[in-house]
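The data blocks that follow each hold one structure.
Both complexes below contain chain A, partnered by chain B and then by chain C.
Moving on to the complex of A and B:
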């Protein structure tokens, strides 16, 4: 089933066009990787979906609704959670308070309790550090907290912006393991990554952005074999 | 899930503290009638009390919410003139008059604050500061040109309703409300907006609505302080609510420390007492007395260089801290040693 559909989406920052009429489809239950170099427009795509930036032309359909009619805070209630680049946790608040704020929009107490349970089940480290202020967590734990916060909003679609940024290889592996687990539990994931190797390993399908245009798309295994991907992102070691 | 937000202990503590404080104040007031206690000291305490209401309400916006609003004296003016007008025009005396005039002052300043917030929070940062400063000037100039409010000559003949006791009651009520607001989930939302407004928005929070709510609350309490001020001085002029008053409030706020309810008490107390001490100290030469106004900016400069967060930035005195804060602090040191 088509969960999210971007049609001919164009975005400009002032006179500079960042996205040139891109088409992108996300099906229910998938992990989609959006790859590309710096400045290709990956983060811009995510920011457009969560309505943080205005759209020049094109359509964003989510579950048959036109997302362009929504605002950033109402998009969340539709079940889209965006984990921004650099994690965006609240360092002065405790882990619990971070999670409480994320559950702000969840109206049903029972649902909220379920969310807490699944979050602490996925991230036992966070449960241990519940009363600790988020700024004192390690980088990996902060990333986990950011993902946990997204889960607290009861999302069906999670947009992740560079979850591996600034993490050691071991922690990156851990983050991707958790993402796969979250996906298995029924959350669709749209993942923006520089680490193409890891991203394609867990993804079902992938898109490659270059200068604001989608130049390649296909299943993850196809992309892993594509010589252009290997040259540009996976490096010579893979040959 | 363990629920840490147990406010029962605070209620008991706060109740006992209020009762003791109000008793002491009643005794002091009785003693001062016989001349046993100098009226001057009671006057200083009253001024401190009113300024603490002003500074702590400004703290909600500039400290907890992390915006930089510059028009707080304007809301004080709204409250002061509303209270002054009603207490002279209405056919009421005594207790009902106090309640009606102060209630109207709160509502009037709150409404003005809400409307200004609608416009001001379309921007952030420096622009917000300039817009709020502009509104402060608009309010003062508008009052100056309304004849029924006395115009530039000021408003005279306001009955004296405010005493140290009523200021203390208002201050305690203010702090009771602020304590619960700041330590609620909703109050943490303000801190979240301060620390990362983008992430707060991505949590599904309408940040403009929240900001405007906080701004309205702050304005309403500034209106309360203004009403108290008018009924204490019995004479108000538009000039006393211009940006100089706002600046004075900012000095007291940043001296005490932003994001801290205790900081507002400390900042106001230190500032006002040091100003009065300087006045006495320099009184041998009348020309030198006005030189004390040089000292307050100097204090601010020193604070900004040596201790940007103020005396008590983002920290609270133990008795104003929520009970939950005791548990995590030990954990933090314990865990960070382990890592």
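Moving on to the complex of A and C:
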């Protein structure tokens, strides 16, 4: 099923065009990796879906609804959670308070309780550090908290912006293992990554952005074999 | 000797409570918007006049007049934010500051047109009798002062609980912490900002009414008192709630004791001097955290 559909989406920052009429589809249950170099427009795409930036032209459809009619805070209630680049935790608040705020749109006490249970089940480390202020967590723990917050919103679609940034290889592995687990539990994932190797390993399909245009798309296994991907993103390790 | 000091301490605590109630509004708005709301002193004045009108025209007793005036002033604060500040939130900070000054001048002139420039007296609604227990030691403290101090402290405690123990309070601190991320939690940032203005303005109204129990009120009272409370907030560390209260009592203490033991002419000189010296030693105030510029 088509969960999210970007149609001819164009974005501009002032006179500079960041996205040129891109088309992108995310089906229910998938992990989609959006690859590309710095400045290709990956974060811009996610920020447009979350309605954080204005759209120049084109459509964003989510579950048959026109997302352009929504605001950032109402998008969340529709089931889209955005884990921003650099994690975006509230460093001065405790781990628990970070999670509580993410549960803002969840009105049923029972549902909220279930969300806490699944978060602490996935991230036992966070349960141990519940009263600690989020700014004192390690980089890996902060990333876990950012993902945990997304889960607290009860999302159906999770947008992740560079979750591997600044983490050691071991922690990157751990983050991707958790993402796969979250996907197995029924959350669709749109993942922006520079770490193409890891991103394609867990993805079903992938898109490649270059200078604001989609230049390549296909199943993850196809993309992993594509010589352009190997040359540009996977590098010597794959040769 | 010791009794005169205690006597002066009562005066200082009463004045400090008024400063604190105003300073909290400055510090809360600064915390979430990084903006000095220069109209806040005039919101304090409006609160005093709303209380004055409710008490004289409708004849409400204090226990009804105080909460009603707080609600109406809260509404005023929300309307000001909605009409004058919201659209400028993404503009340069200077535009916001100028607008705030303009709103302040508008409020002063509006109130003067409505009630005239003459000073007014809030009706004495709290018992003005002397506390006998203190009088035994030659300390003259009236019951109304005791009540003002108690209600002020209760209001501050309620604010502290609101900010630290409720989800809305947590959201306010989140806006102060990392504003851009708050909408991603599904939180309407406009709602959080409106609540902040409402709470800050309500506290200022309480300050205005308590001030009016001991002093006369006029449309320009917000300028002097507003600046003093602003200084208190800066001394304490603007953005910090505990700091605003601490700064308020520190400033009022310095003022009262200067008047009592040195000269009333030196009052402003010494309090502004204190501000300059303190900012030289601790640029972020007593409780303020150093601001880390994000790269």
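Note that in this section the second predicted complex is superposed on the first by the 239 of 239 C-alpha atoms of A that agree within 3 Å, B and C clash if a C-alpha of one lies under 4 Å from a C-alpha of the other, contacts with A are read in each partner's own complex, and residues count from 1 in each chain.
Operating definition for what follows: a residue touches a chain if its C-beta (ideal position, glycine included) is under 8 Å from a C-beta of that chain, and two chains touch if they have at least 3 such contacts.
Everything quoted here is computed from the prediction, not taken from an experiment.
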- Query: Would chain B and chain C fit next to each other on chain A once aligned, or clash?
  - Reply: clash
- After superposition on the shared chain, which partner residues are touched by A:202: those of chain B (first), chain C (second), both, or neither? neither
- Who does A:77 touch here: chain B (first), chain C (second), both, or neither? both
- Using the touch definition from the top, say if A:165 reaches chain B (first), chain C (second), both or neither. neither
- Query: Who does A:216 touch here: chain B (first), chain C (second), both, or neither?
  - Reply: neither
- First, second, both or neither for A:232, with chain B first and chain C second: neither
- Query: If you stack the two complexes on chain A, which partner ends up touching A:153: first (chain B), second (chain C), both, or neither?
  - Reply: both
- Query: Touching A:113 in the superposition: chain B (first), chain C (second), both, neither?
  - Reply: first
- Task: For A:133, decide between first (touching chain B), second (touching chain C), both and neither.
- Result: first
- Message: By residue count, which of the two partners contacts chain A more extensively, chain B or chain C?
- Response: B
- Item | Footprint overlap on chain A, comparing chain B with chain C | 50, 52, 71-74, 76-77, 81-82, 84, 88-93, 97, 100-102, 104-105, 149, 153
- chain B - residues contacting chain A, complex: 1, 4, 185, 188-189, 191-192, 195-196, 198-207, 314, 324, 327-328, 331-332, 335-336, 339
- Task: Would you tell me which residues of chain C are touching chain A in their complex?
- Result: 167, 170-171, 173-174, 176-178, 180-189
- Please name which positions on chain A make contact with chain B in the complex. 50, 52, 71-77, 81-84, 88-94, 96-97, 100-102, 104-105, 113, 116, 129, 131-133, 136, 138, 149, 153
- Task: Please give the residue numbers of chain A that touch chain C in the complex, ascending.
- Result: 50, 52, 71-74, 76-77, 81-82, 84, 88-93, 97, 100-102, 104-105, 149, 153
